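Paired with chain B in one complex and with chain C in the other, chain A is shared by the two complexes that follow.
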Partner chain A sequence: MEINTLDLLALISLVTVATALLVGGQGRGGWQLSLLYLLQLVVVASMVMMAGGEGIISTLQFSTVGESIGWRLDGLGLYFLLITVGTAAFVSFYMAGPWGEAYQRDGGSLRWLQVALATNVFTMLLLLASGDLLSLFIGWELASWAAFWMMALAGGIALKVALRYLIYAMVGAMMVFALIVILYGQAGSFGFDEIREASVQMERGTTILVLLLTVAGFGIKMGLLPFHLWQAPAYAETPGPGSAFLGAISSRLGLFAILLVLFRVVDGAWIELYLGFMNPQTLLAWIAVATIIFPTFTAMRQNDARQLLAWHGIGQGGYMLLGIAMMDPLGVAGGMLHIFNHATYQAALFLAVTAVIYRTQTSDLNHLGGLVVRMPLTFATMLVGIIGLAGLPPMNGFVSKWLVYRSLLEQGEVLLFVGAVIGTLGTILSVYKLLHNTFLGSLRLEHQAVREVPITMWMPMILLSGLILLTGIFPGVPLQWVAEAAASIGLPMPQFNLGGVIAEGGSLDMRVISGVLLSGFAIAALIFYGAGSSRRVNPLDNYAGGHFLYASNRYHYSNNFYAGLMHLIKPWYRGIFERLEQIILLLLAVIADLLQGLYLQRQPGRVALVVLVLLLWWSTL
Partner chain B sequence: MMVVDLLIELLLMPLVAFLVGLVMVLWMRRLGARIQRRVGPPFLQPLYDVVKLFGKETQISHGVLHDIGIIMAMGGYIAAETLLPVPGMDGVAAYGGIITLTYLMMIPSLGLALGVGQCANPNGSIGISRALTAMLAYDVPFVIVVFGVAYHAGSANLIEIIDGQQQAGVAGWGLFEMPLLAIAGLITLQGSLGKQPFEVYVAPAEIATGPMVEMGGKYLGGLFVMQAFQFYTATVLYVSLFLGGGTNWIDLLLKSFLVLTIPVSVAYLFPRYRTEDLVRLLWKWPVMIGLLGVAFVV
Partner chain C sequence: MSNSLALVIALPLLAAFLLQPLAQQLGVGREQRSVAIQLYAQLTIAVTLWITLMLGNGVEQQPLSVMMGGFSAPMGINLYLDRLSLLLLVATQLALLLLWPADATPRIHALMLLLSASSMGLALSGDLFNLYVFYELLAVATFGLVAANSSRSAPLISFRYLLISGLGSVLALSGIALIYSHTGSLNLADISATLQHGDAELPLAAFILILLGIGVKAELFAVNGWVPEVYAIISPRLSALLAGVVSKLAVVVIVRVLLMLFPHPEAAQVLLVLGILGVISGELAAWRAQDLRRMLAYSSIGQLGMIFIAFSLSLEFGMLMGLLLSLHHMVVKPGLFMLTAGKSKRWHMALFVLFALSLVGVPPLPGFWVKLSLLTGLVEAGGALNQLALIVFLGATVIEASYLFRVLQNTLPNPPAVDEGHLTVGWNGLVGVLLGGVLVVTTLSVDPVLEQLKQISSQAGDRNLLISSVVTPSAEQQMVVERDK
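== the complex of A and B ==
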C-alpha cells in the first residue's frame, strides 16, 4: 500500500498525540511537540504548494453496511487545516516552557492540556479531510468532544460552562444527524457527488429543511446568533494557550461545515429559493450582521480581558459569514480571508492576555493598568492585535473587512453596510478599553516588580504580530490560499495580486497604503524628534486639576470606561437571549420530568390513561 | 520619471494640506473674532503658534508611547492626504479609494488615544472615553454618506467620483443630486471636527478634564498640526463628495473655505452638548436623513 501525504499527515498527527501523552507533562520537554507541529505544518505547506484539482485522497478507507467511508482533503479543508496546524505550532511552543511549569505549579496538568491540544488537531484533521457525510459526522463529533475536553480541563467553573457547550453541541449534533439522514434519503448514498446530483430534484420543503438544519446545526459551533451564549464563557475559562487555539480556529469549523454542505454537497439552486419574506442569502446576511453587532457590544461591557476577547471572537465570525453570504467575488474573498486574519490576531491577543495573567495572576480589567513600562513586548503584541481586530490599516484585519465593505457597497446593501461599520466602531472602542485598562494609565503598586515574560512566551507572540503586519502588507499570499479554497467549492474570487485586489470601481493595494502610512509616521517622527529632546518624567508627575496623585493613591480610570455611552444604551441590554435560553431549558426540564415520570411509573394511573388515549387514537386511524 | 513625479506629489500633497490647514485655522479664528466683534489674530499667527509650541524649552514626555501617539496623530493625516485627490495631483488615491481614506482618518484618533493613555492621568482617560464615544457617534452617519455617494457614483474611487461630477456640470454635483446626503454630511462634519455644540470631548475650555491635560510644547504642537490637517481633510473631502471637487486650486480653496465657514459659524453661535446627547442626535438626524438620501440613490 502506498502512503500519500494525507496519510503521512494523519500519522504524524497521531504520533503527536502519543508524544504528548509521553512527554507532554515535562515543562521544557514540550519542544518535541512543537517540532512535531512544525513537521505537520511543513507537510500541510507542501500540500498547499502542490494543491489543485481533485484534492488528496487518503488511502485509509473502509466500508460498513455497504457504504464506504473515506477521507480526502481539498482546497477548502487545506485552508482551514493550514490555520489549525499553524496556530497549534505557535500555541504549543508558548505552552512548553515556563508557562507550562507555572501551570503545573498551580495544580493544572500540562500533560493533559498538551494531549487535548494534539487530539484537537487530529480530530480537526479528520473533520477537515472528510470525504463523505459519514466521515463528516464522525469528524464533527470527535472534534466537538475534543473541544469539550479542552474547555473542561480546568474544572470548576470551566467544567460548568463546558457542560453548557456540550448541551448546545449535542443539540447541534442531533440537527446534523437529521440533516445527514435527510440527505441520505434523497440520494441513497453518503457521497458528496451523489447527493449533489440528487439534490437538484429536491422539493422546496426539503430544501428549506436542509438549509435550516445546516445553518442551525453547524452554526451552533460557530456561535451564530441566537446560539452564541455558550461560546464566550467556555473559551474564556479554557487554560490560556488553549483558549488561544480554540478562539483562533475551533469555532470556525462550523463555518467550514456550512460552506461544505451549502456549496459542495448540496446543489446551488437553494440560492434562488424564496422564503416568503426574503431569500436565504439575505437571511444569512442578516443573521451575520446580528452576530456582528450584539456580541461586539456585549464585549464592550466585559470587565474580564478573556471574556472580552471571546465575545469579539463571536462577532468577528459574523464578518466571515457576511462576506461569504454576499456570494460575489469581493465578498467571498473578504469573508474567507477573514478566517485566516482572525486566527492570527485572536491567537496573538489571547496569548498576550495569558502573558499578563502569567505575571499578574489576573485578567480583571479593573485591577490592571500601566503595564506598558514593565511588559513592552506583550504590549506591542496586544497593540498589533487590536489594530488587526479593529480592522484598521496596515494590519491584516483591515484587508478582509475592506473586501466585505466593498462587496456590500457594490450590492447596494446600505443597512448591512452600516451594521458592519457599527460593529467595527464598537470594536475600536472595546479594544481600546482592553489596551488602556491593561497597559496604559498608572501602574498599580503590587505590579511594580512585574517583568516581561520569558522568551518562550514572547517569541511566538512577536512572530504572530509580524505575521499580522506582513499579511496586512502582502495580502496576496493568504489570498492565494483563499483562491484554492474558494475554487474547491465553486465560489468566485476577484482578481488579486501580492498587494491586494484589483476591482472595477476601486482597487486596493496594501503595499502602497502601508507604504504611505509608514512613511507618514516616519516624516512625523522626524519632525517630532527633530524639534528637540523632551524630558522624561514619572508617569505620576501629572496635572490633576488641583488634586495630587500620590504614589500610594493610584487612580486609573477603568471601571465603566464608556460611562456616557453605557448611560445611553444600557436599556438595550435586556438579556433576551439569556431569557430565551432559560425558557427553552425550562421546557426541556418539564418534558424530561414528564418522561421520567412515565418511565419510572410514578403515576401508573396517568400512564395508563396516556396509553389508552394513544391506543384509541391509533384505532381511529 | 513616473516614480519621481509620484514621489514629488506624495511629498507636496501633505505639505500643501498643512499650509492650507493653517490658513483654515486662521480663518476660523478671524471669523469667530468678527462674530464676537473682535479684531482677531494676524495672518501668520497659526504659524507662530506651531513654531512656538515646537520650539519650547520645556518638553515633558510621559513615556515612549506618549511620543508615538503624537507621531501617529500627525503621521496618520500625512498619509491620508496622499489619498485625497486635489487639482493636478491624484497621489495614490486609486490604490485605496474612499473606504481606505475613511479608515486612515481614524488612525490619528487612535494615536491620540494611545498617547493620552500613557500619561496616566485619569482626566485624560475620561477625555479619551468621550472622544471615542464621539467617534462612534459621527462615523455612523459619515459612512452612510460615503456609502450613498459611492453607490451613486458607482465607484469607491475618489478620482472617479470627482470626475463624474465635473463632467456632469454644476447640476450634477452631489449637492444637487443628493441634497439629503449633503445635509447629513454637513451635520456630521460638525461632530467630526469637534466644534460647538459637540466640542465637549475636546474640552478646549476646561483643559484639565479633557484629553489635552498632559499635552504641552511639541505634544500640543503636534495636535495643533493635526487640527490643521483635519480641517483641510474634512472640508476638501466634503467638497470632493458634494461640490464637484476642484477644477483648479482657486476653485477648490474657495469651496473648501465656504464649507468650513458653516461649522465654524455654527460653533460660535451655539452652546455645547454632552457626548451621549451627541450619540443621540447624530444617530437620529443625519442617520435618518442619510438613509433617506440613500433610498433615493438605490
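== the complex of A and C ==
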C-alpha cells in the first residue's frame, strides 16, 4: 500500500495526539508538540503548493454497514486545514512554556489540554478531508465533541456553558443527521457526485428542507443568528490558549460545511428558488447582516476582555457569510479571505488577553489599565490585532472587509452595505474600549510590579502580529489559497496580484496604501520626536470617550465606558434571544413535567385504560 | 438429547423449590450459608448456559423444536429454539450470572431462580399459552424481588406495580382467548400455518390487547407507570437486569410473535404511535428527573419507545433494527446502572461518558450505526407517521445528550445507596468495565456483528421456516385433512 501525503498527515496528527498524552503535561517539555504541529504545517504547506484538480484521496477507504467511507482533501479543505494547523502550532507553543506551568499550579491539567487540542486538530482534519456525506457527518460529530471536551476541561462555569453548547451542538448535529439521511433517501448513496446528480430532480419542498437543514444545522456551529447564544460564553471560559484556537478556527467549520454542501454536494439550482418573500441568497445575506450587528453591539457591552472578543468572533463570521452570499468574485474573495484574516488577529488578540490574565489574574476591563508601560509587546500585539479586527489599513482585516463592501456596492445592495457598516462602527468602538481599558490610562497600584510575559508567550504573539501586517500588505499570498478553495467548489474569483485585487471600477493595491500610510506614520513620528519634550496638563483639562473628566476621577475612565452611547442604544438591548431561549426551555419543562405526571398518577392504571379504550375504538373503525 | 432443552427451564425452577429445604438443612454459620446458596444458584444458571450452548450448535441451519411429552404441534407444549432465542437466552444467562445479587437472603435467591426460569421460558415458548404462563411467573418473581426491598415505600410501590401488572395479565389473556376463538389453536406455528392458508384472520383488537398486556414488562407507553418508582428503589444490579435485559427479552419475544401473527399495517401503526409516545414522555421526564436512577429509568422508557418504533418498520428490516437497538441497549443500560452504585470515581465518569456517547449515537460507536440504519429506514419507509418518528427520534437524542452529560456536573444525587453487601465491592465496576469492553470490541467489528445479526433476524422473521420446523409435514397434512372435513 502506498502512503500519500494525506495519509502521512493523518498519521502525524495521530502521533501528535499520542505525544500529547505522553509529554503534554510537562510544562517546558511540550516543545515536541510544537515541532509536530510545525511538521503538520509543513506537510499541509507542501500540499497547498502541489494542490489543484481532484485533490488528494486518502488510501484509507473502508466500507461499513454496506456504505463506503473515504477521505479526500481538496482546495477548500486545505485552506481551512492550513489555518487550523497553523493556529494549533502557535497555540501549542504558547501553552507549553511558563503559561502551562502556571496553569498546572492553578490546578489545571496541561496534559489533557494538550491532548484536547491535538484531538481537535485530528478530528478537524477528518472533517475537512471528508470525501462523502458519511465521513462528513462522522468528522462533524467528532469535531463537535472534541470542542466540547476542550470547553468543558476547566470544570465549574466552563462545564456549565459547555453543556449549553452541547445542547445547541446536538440540535445542529441532529439537523445534519436528518440532512444526510434525506439526501441518502434521494440518491441511495452518501457519495457527493451521486447526490449532486440526484439533487437535480429534487422537489421544491425537499430542496427548501435541505437548504434549511444545511444552513441551520451547520450554522449553529458558526453562531449564526438566532443560534449564537452559546458561543461567546463557551469560548471565553475555555482555558486561555484553547480559546484562541477555538475562537480562531473552530466555529468556521460551520461555514466550511455550509460551503461544501451548498456548492459541492447539492446542485446549484437552489439559487434560483423563490421562497415566497425573497430568494435564499438574499435571506442568507440578511441572516449574515443580523449576525454581524447584534453580536457586535453585544460585544461592546461586555466588561470581560475574553467575552468581548468571543462576541466579536460571532459577528465577524457574519462578514464571511455575507461576502460569500453575494456569490460574485469580489464577495467570494472577501468572505473567504476573511476566514484566514480573522483567524490570525483573533488568535493574536486571545493570546494577548491571556498574557494579560497571566500577569494580572484578571480580564475584567474595569480592573485594568495603563499596562502599556509594563507590557509593551503585548500592547503592540493587541494594537495590531484590533486594527485587523476593526478592518482598518494596513492590517489584513481591511482587505477582506473592503472586498465585501465593494461587492455589496457593486451588487447595489445598499441596505446590506449600511448594515455591514453599522457593524464595523460597533467593532471599532468596542475594540477601542478593549485596548483603552487594558493598556491606556493610569496604571493601577496593584499592577505596579507587573512585567512583560516570557518569550515563549510573546514570541507567538509577535509572529502573529507580523503575519497580520504582512498579509495586510501582500494579500496576494492568502488570496492564492482562497482561489484554490473557491475553484474546488466552483465559486468565482477576481483577478488578483501580490498587492491586492484587480477589478473594474477600482483595484486595490495594498502595497501602495500601506506605503502611504506608513510614510504618514513616519512623518508623524518625526514631528513627535523632533518637537521636543511633551507638556504636562491638568487632569481637569482632559476628556475621554466624548466625556469630560471630573476632578474626582483619575484619568482612566473605564467604568461604564461609552455611557452616552449606551444610554442611546439601551432600548435596543432587550435580550430577546436570551428570553426566547428561556421561553423555549420553560415551555419544554412544563410539557416535560406534565408528561412526568403521567408516570406519577395515584391510580397507575388510569392512563393505561384510557389508551386501551382509544385503541380498541380505533381498531373498530 | 434435544429434550434436554426443557432442562433449561426446569433446572432453575427445581433449584428454586429445593432451595428453602436445602438452606434449612445447612447447619453452618450464616456467612458460609449465604455464600453456599449463592454458589448453588449461580451454578444452576451456569449449567443451563452450558446446556444452551450445547444445543445451540445446530440451530444455524435448522431451528430446534421440541414437543413436550411427545404430543404433536397443536396440542402439546412446544419449545422452539432458533438463532434469535438462542442469542437472547445466552444473553439472559450471562446477565444473570454477572448481575446476581450478592449477600442476599435465601428467599431472594429463590425468587431470582424463578425469574431466571421464567425469562428463559419466555425466550423458548413456542405457543401463546406458555408465553402467558411464563410471563405471569416472571411478574410474580419480580413483585417478590421489589417487595423484598428494605426501603419504606417498597410495599406501596410493589402494590402499584401489581395493579398495573394485573391489568396487563387480564388484557393479555383476553387477547389470547380472542386468537383461540378465531383459530382454535395456541401454537404459533400452527396459527401461522392457518393464517397462511387464509382460513382465518385475526382481529386487530387481539393484537392491541396482547400488546398492551405484555407491554407492561416491556415498558410500553401507557402501561409503564411502574417503571420509574421501581427502578429507583431496587438495587442497581436488579435495575440493570430488569431494565437492561428482561425488558428487552420481553420486547423481542413478544413483538416477534405478534408481527408474525399480525401482518396488518395497522398493527405496525399501533406500535409506532405507542413507541413515539413512549419516546417523548420518557425522554422529557428523564430530562426533568431529580436523581440519577430515576433519570435512567425514565430514559429506558424512552429507549424502549425507540425499539418499538424500530419494530414497526417492515417485518424483516424492522426485526433487524429492533434487534440491533435492543442489543445495544442491553449493553449500555446495565452499564449505566452499574455505575450508579457507590461513590463515583474518575474512571467511572470516563466509562459513563463512553456509554452515554454510544447511547447518543456518536460515531464510530455502535449506537451510531444503529441510528444511521434506522433513520435511513424511516426515510425510505416514508409516510407522515414515519417522518414524525424521525423528528421525535432526533429530538429525543438532543434531550438524551442534555441529561446524560448533565451528570458530569455532579449535580444529580444518587438515591441513598442500596446496601449490596461487602462482597460486591468492585464487582459492579468490573461489570461496567466488561460491558464497556463489549462496546469497544463491537465498535471494532461492526460489520461481522451486523452480518450475524442480519442472519439471525432473517431467520426469526421467516414464517415458513417456523411452520416447517414445528409442524411436521405429516402433521400439517393431517391438519389440512381434518380442516377439509
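Following the convention adopted for this analysis, the second predicted complex is superposed on the first by the 566 of 621 C-alpha atoms of A that agree within 3 Å, B and C clash if a C-alpha of one lies under 4 Å from a C-alpha of the other, contacts with A are read in each partner's own complex, and residues count from 1 in each chain.
The criterion applied here is as follows: a residue touches a chain if its C-beta (ideal position, glycine included) is under 8 Å from a C-beta of that chain, and two chains touch if they have at least 3 such contacts.
This is a predicted model, so every value here is computed, not measured.
When the two structures are aligned on the shared chain, A:166 is found in touch with chain C, with no touch to chain B. Chain A has more of its residues touched by B than by the other of chain B and chain C.
In the superposition on chain A, A:398 makes contact with chain B only, while chain C stays out of contact range. When the shared chain is aligned, no partner comes close enough to touch A:276: not chain B, not chain C.
Residue contacts after overlaying the shared chain place A:137 against chain C, while chain B stays out of touching range.
Legend: residue contacts after superposition of the two complexes on their common chain; A:523 is shown touching chain B, with no touch to chain C.
Of the two partner chains placed around the shared chain by superposition, chain B is the only one that A:414 touches, whereas chain C remains out of contact. Looking at the shared chain after the overlay, A:561 reaches chain B, while chain C stays out of its contact range.
Per the touch definition, chain B reaches chain A in the complex via residues 10, 14, 54-55, 58-63, 65, 67, 70-80, 82-83, 92, 94-100, 103-104, 106-107, 110, 113-114, 117-123, 125-126, 128-130, 132-133, 135-136, 139-140, 143-144, 147-148, 150-151, 154-157, 160, 208-209, 213-214, 217-219, 221-222, 274-276, 279-280, 291, 294, 298.
Listing the residues of chain A that touch chain B in their complex gives 370, 372-373, 383, 387, 391-393, 398, 402, 405-406, 409, 412, 414-415, 417-418, 421-422, 425-426, 428-429, 432, 435-436, 439-443, 500, 505-509, 512-513, 516-517, 519-525, 527-529, 531-537, 539-540, 542-545, 555-558, 561-565, 567-568.
Interface of chain A with chain C (complex): residues 64-65, 134, 137-138, 141-142, 145, 152, 159-160, 163, 166-167, 170-171, 174-175, 177-178, 181-182, 184-185, 588-589, 591-593, 595-596, 598-601, 604-605, 607-612, 615-616, 619-620.
Listed in rising order, the residues of chain C touching chain A in the complex are 160, 163-164, 167, 171, 203-205, 208-209, 212, 221-228, 266, 270, 274, 280-281, 284-285, 287-289, 298, 301, 357, 360, 362-364, 368-369, 371-373, 375-376, 378-380, 390-391, 394-395, 397-398, 401-402, 405-406, 408-409, 446-447, 450.
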